[in-house]
Each structure stands twice: as structure tokens, then as C-alpha cells.
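As C-alpha cells, here come the structures.
The following pair of complexes shares a single chain, chain A, combined with chain B in the former and chain C in the latter.
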Partner chain A sequence: MGETGSYLYAIAAPVGDEVLGSLRGVAGEPVRAVRHRDLVAVVGTVDVGTDGAFGEETLARNLNDLGWLEAAARAHHAVIDGVARAVPAAPLRLATVVADDDGVRDRLERWHDGLQRALDEIAGRAEWSVKVYAPEAFGPDVDAEPVPAAGAPGSGAAYLLRRKAAATARDDALARATAVAGQVHEELAKHAVDARRLAVQDQRLTGSDTPMSLNGAYLVPADGADAFAATVAGLRDRYADCRFELAGPWPAYSFVTMDEP
Partner chain B sequence: MTHPVRVLPNRVDADADSVERDLFKLVLTVIELIRQLMERQALRRVDEGDLSDEQVEALGQALLRLDTAMAELRGRYGLTIRDLDLDLGPLGTLLGD
Partner chain C sequence: MTEARERAPLTRPYGSALAAPPQPANLADILERVLDKGIVIAGDIRVNLLDIELLTIRIRLLVASVDKAQEMGIDWWRRDPMLSDTGNGSGNRDGDGGGSRDG
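For the complex of A and B:
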């Protein structure tokens, strides 16, 4: 390995080595703790040399490689998840690399008070994700319906009417989905310590037939997880035409993300 | 990180069949875009009510023929309407919904 750097996964409350011992990082490397005052940075050593996966140019190329990105994101998440299951942990963004452990300590010092507050906020709580998808547009689906042959009398006007009905049905479905998303988010926020609406994901990413109308993140206390799931189940019944996805518990990605200042 | 995630492959597969199919797909995408714009315009004019019944019928006939022709051309390469869409990044997709 040429030049090395310290890859930051998370900053956490003091965590035992037995938790870190079983974890492997984005380069398959063992992860270790860098301690400073009452905080612990969970780091791994990665190759940042010109030939290393985390060298500036190679990394830029790797981040454009969906296959590499997916594997790295999974490994990154696995480490954070492993730590967050044991102690409160603030996740860092994928591929946050600093020169060495002194650089890590510098950041712990600089971010100390903010981190302390953030860790207090997420202690004993986890993030849950609720996604809502628009209902299927009712009305004639032009692609599925047998189209009467062109030339038959009245078929032109009928075609326009059908297209119009399809467009209206689609608009109605989207309007309904937007309204449902607002109501669902408002209701779930009441059952969460903190709530955020994230940008909805593209249909090609979700692979869903209908667009996503809510991508919500909710910070929920560990002992409130069952009640939260029950609330989601209730909403699912109330808005049965929309599709719901509930996922979690996750590390609090949406509520504490450390960015380079 | 501000690097855009590249969706297109780094190399174009120059295999004759796939080049033909991809070119065909691109042409169909452009036609489909124009078809949708024409259809929207037609629906708007029908809504405004300044067209006679004969004109509405003729407009509908023309669009219906175009739609049928497009479906047949798509079928030739086993393409669906969704295959024709292009991702324009922050602008959304070319054909929208």
C-alpha cells in the first residue's frame, strides 16, 4: 500500500473494541477507534496513493462506477450500523477521508460541542423511513386497451376523449398522492421526535410503477418503534390506494450528518 | 461529492445490431416527444372549443394513426414507451409522465 489516509465512518460515544473487532470497512480493512476527549471516531486505513482506490483521481472514477459505489455504500453502512447498534453514532458521508489520525482528532476537537449535542439527541433513537407511492391512475390505459382501427367513423374523436381521460386520471392520481403524502407526514411527525421530508427518488431508482410522493425520515425512540409501526399500518389502511414502504431501524443518517466545514 | 453518477457506459458497444437498435430508439424518442407535444396541443384546442366536430375527428384520426404506427415501430425492436424516455438529470425526464 502506498500513501494511506484515515477513512471516517462515524463519530460515536465511547465504544468497546469488541464491537469494532467484528467490523470490516469499505476496503475490507479492520476498523479502529480514534479517541479524543469523550468522543470516538470510527476509522479505517485506506490507500490514497495514485494506485489506491481512494487516491483522488481513482476515487473520482470509482464514484462514477455504480457497481463500486454500491459495494462501498453497503460496506460503509454496515460499519455505521454495527456501531450505531451499540452506542449513539453520527454517520459521516461516504468517502470522507482525512490525511491521518491527527486530522481525525482535529475534527473531533472542532466539532466537539455540535457532535455532543447531536449524539445526545439520537441516543436511544433510530431512524425509520416511510415512503409513499402514488396510486395507479384509474381510467383507460391507452397502451393496454385495444385501439379501434383508424378510419372507423368517430374513432378519431373517441381517441382524443380517451387520451384526455387518461391524462385526467394521471393528474388526479398525482394530486391525490401529493395530498396523502402531506397528511401522512404530518401524522407520522406527531409520533416521532424529529421528522424530515427528503427529496423523492426517481422512478427508475425505485423501480416502482408509480412516482414516489413521500420520502420521509423519522427519528423514533427505541421503545416507540412498535407504536410507530402501528401508526404506519393504520395510515396504510386509511390510504389503501397508495403503496407504503416502511424500513428501519437505521442509524440516524438524516438527522446528524457531519459535513466538512 | 459533486461528481455526477454516469448512467451511460464508458464504451459504446459497436456491435452492428445494438448500434442499429440504439439509433432506432433515439429516433423513436424524438418522434414520441413530438407526438406527445402535438397531442397536448390538440387536447388544449379541443378544450377551448373552437374546433368543429369534423376538425376534432380529423385531428383525432391523425393522432390515432401516429400512435398506432409508433406502437408498431416500437414492437419491431421490443421497446416499451418507458424505454424511449431520456433522463435529463435535474430537468427530470424528457417525456415526463
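For the complex of A and C:
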């Protein structure tokens, strides 16, 4: 390896080596703890030389390669997830690299109070994701009936009516999903310490038959996770025409914030 | 790996893992979080900001299509200076090779 740098995954409460020992980072490297005062930075050593994956030019190119990005994102997440399952951990944005461990400690010192506050905020809590998808649009199937022979009386008008009814059904389904999303989010926010609506994901990406109308993130205490899941189950029954997805626990990505010192 | 994780101590801060066993997270969920959420600390390795902006826009368009978002009444990208294409960033033609502006 040429020139090396310290890649940061998370800032955490003190964490045992047995937790970090089983984790591998974005370059397949072992991860370790850099300790400063009462904080730990979880870091790995990466190659930042001109030929290294994390050299400035190569990194910029790699980040634009969706295959490389997926592997890096999954590895980055896996390290954070492994740490967050053991101790409170604040995730860092992908590809944060500093020159060496002294640089890591400098940052722990400079941002100590903000990091400490961020950890206090998420300690004993986890992020849960709740997604809602629009109901199937039960309009008449435009192509189901054979198209009558051209010139048959009323055939064109009937086709247009079916087209219009199908479009109306889709609009209704979308309006319904939008309304349900608002109601579900409002209800879940009452059962969470904090709540965010993230951008809805594209249908091409979700592979769902219908559009997503809610991509919610909820910060839930560890001992409240079962009750939260029960609340989601209740909402799923109440809005049975919409499809629900509950996923988690996640590290509190959507709820860590830090002000500039 | 999965088995080891499921047998992890019950004192984990995540809690309640028995009720919700870990599942492989989907890529869109991971990307939207590791690229867009989490703490930002200035690093020493500075990747080309223009490239990253391009990437971010591409990924965001994948993660949330503008059409769908508009239908849903979500317009977060309008408030995002990086994504609102008002042309205010393109006037700075200094012409030299560096071209990077101080943040």
C-alpha cells in the first residue's frame, strides 16, 4: 500500500475490540478504535496514494461507478451497523478520510461537545423505516376487451370511456395513498422520539407495482420497538388497501445532527 | 455472519432484535442514508466536488424520481441549492485548470 489515510465510519461510545474484531471495512481492511477522551472513532486504514482506491482522483472516479459505490456503501453501512448494535454510534457520511489517526483525534477534540450531544440524542434508540405504497388502481382493464371492428357503432366512445375510467382510478389510488401517508406519518410520529419523511423512492428502484407514498424514518427507543411494530401492524389493518413495509433497526442515520463548534 | 448477528447479546441498544431479525437492507435505503444522512466532518482527502455533485444528482434521481415526487407533493429538491438548477453556480468561469471555489 502506498500512502495511507484513516477512513472514518462512526463516532461511538467506548466499544470493545471484540465488537470491532469481526468487522471489515470498505477496502476489506480491519477496523479499529481511535480513542480520545470519552469518544471513540471507528476507523480503517485505506490507500490514498495516486494508485489507491481512496486517492483523490481515483476516489472521485470510483464514486461515480455504481458497482464500486454499492460495494462501498454496503461495507460502510455494515461497519456502522455492527458498532451500533453494541454501543451508541453516530454514522459518518460515506468517504470521510483524514490523513492519519492524529487527524482523527484532532477532530474528536474539536467537535467533542457536538458529537457527545449527538450520541446522547440517539443512545438507546434506533431508526425504523416505514414505507407505504399506493393501492392497486382497480379501474377497468382498457385492453381486456377486444377492440370492436372499426366503424362499429359506439366502439371508439366506449374505448375512450374505459381509458378515462382507468386514469381516474389511478388518480384516486394516488390521492388515497397520499392521504394515507400523511395519516400514517402523523400517527407514527406520536409513537417515536423523532420522525422524518425521507424522499419517496422511484418505482423502478422499488420494483413495486404501485408508487411509494411514504418513506418515513422514526427514532424509537429500544424498549419501544415492539410497541412501535404493533402500531404499524394496527395501521396496516386500518389501511388494508395500501401495502406497508417495516424495516429496521437501522443506525440512527436520519437523526444524527451536529452543529459547527 | 447472519447467524452470529442473531446470536449477539440481548443488551444491544437496538433492542428487540428477536421481534425483527436483521434483514438485508435494500440498496436505495443504504445509499440514501450513507450519501445523504449521517454526520459530516471535513476530511483531508478532498474528492472533486463537481464529480460528487454529479453523482449525487444521479443517485438522487434514481432514489426519488422528480415526477413521482411532484405527484406526491414532495418538493425537497427545490430547497436543495445543489439541485435547484437556477444557474447561479455556472457564472463563475475563471477558465483556469483549478476552477474549484472555496467553500
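Keep in mind that, in the parts below, the second predicted complex is superposed on the first by the 246 of 261 C-alpha atoms of A that agree within 3 Å, B and C clash if a C-alpha of one lies under 4 Å from a C-alpha of the other, contacts with A are read in each partner's own complex, and residues count from 1 in each chain.
Quick note on the criterion: contacts are C-beta pairs under 8 Å (C-beta built on N, C-alpha and C of every residue); 3 or more make two chains touch, one makes a residue touch a chain.
All values derive from a computational prediction rather than experimental measurement.
Student: I want to verify the contact counts: of chain B and chain C, which reaches more residues of chain A?
Tutor: Of the two chains, more chain A residues are contacted by C.
Student: For A:60, is the partner it touches chain B (first), chain C (second), both, or none of the two (neither)?
Tutor: Both: A:60 reaches chain B and chain C.
Student: So in the superposed three-chain picture, is A:95 touching just chain B, just chain C, both, or none of them (first/second/both/neither)?
Tutor: So A:95 meets both chain B and chain C here.
Student: Is A:160 touching the first partner chain B, the second partner chain C, both, or neither of them?
Tutor: So A:160 only meets chain B here.
Student: Between chain B (first) and chain C (second), which does A:170 come into contact with in this model arrangement: first, second, both, or neither?
Tutor: first
Student: Can A:193 be said to touch chain B (first), chain C (second), both, or neither?
Tutor: In the superposed model, A:193 contacts neither chain B nor chain C.
Student: Could you say whether A:211 touches chain B, chain C, both of them, or neither, answering first, second, both or neither?
Tutor: Both partners.
Student: Which partner chains sit in contact with A:27 here, chain B, chain C, both or neither? Use first/second/both/neither.
Tutor: After superposing on A, A:27 lies clear of both chain B and chain C.
Student: On chain A, what residues does chain B touch that chain C touches as well?
Tutor: The answer is residues 60, 63-64, 69, 93-95, 174, 202, 204, 211 of chain A.
Student: So in the complex, which bits of chain B are touching chain A?
Tutor: 1, 3-6, 39, 42-43, 46, 53, 56-65, 67-68, 71, 81, 87, 97
Student: Which stretch or stretches of chain C touch chain A in the complex?
Tutor: Residue positions touching the partner: 4-5, 8, 12-17, 19-20, 23, 25, 27-35, 37-41, 43-48, 51-52, 54-55, 58-65, 68-69, 71-74, 76.
Student: Chain B touches which residues of chain A in the complex?
Tutor: For this pair, the touching residues of chain A are 60, 63-64, 66, 69, 93-95, 142-143, 147, 150-151, 154-160, 163-164, 167, 170, 174, 202, 204, 211.
Student: Hey, which residues of chain A end up touching chain C in the complex?
Tutor: 5, 8, 11, 22, 48, 54-57, 59-61, 63-64, 69-70, 73-74, 76-77, 84-88, 90-99, 103, 107, 111, 115, 118, 123-126, 129, 174, 178, 181, 197-206, 211-213, 221-223, 225-226, 229, 246-250, 253-254, 256-258
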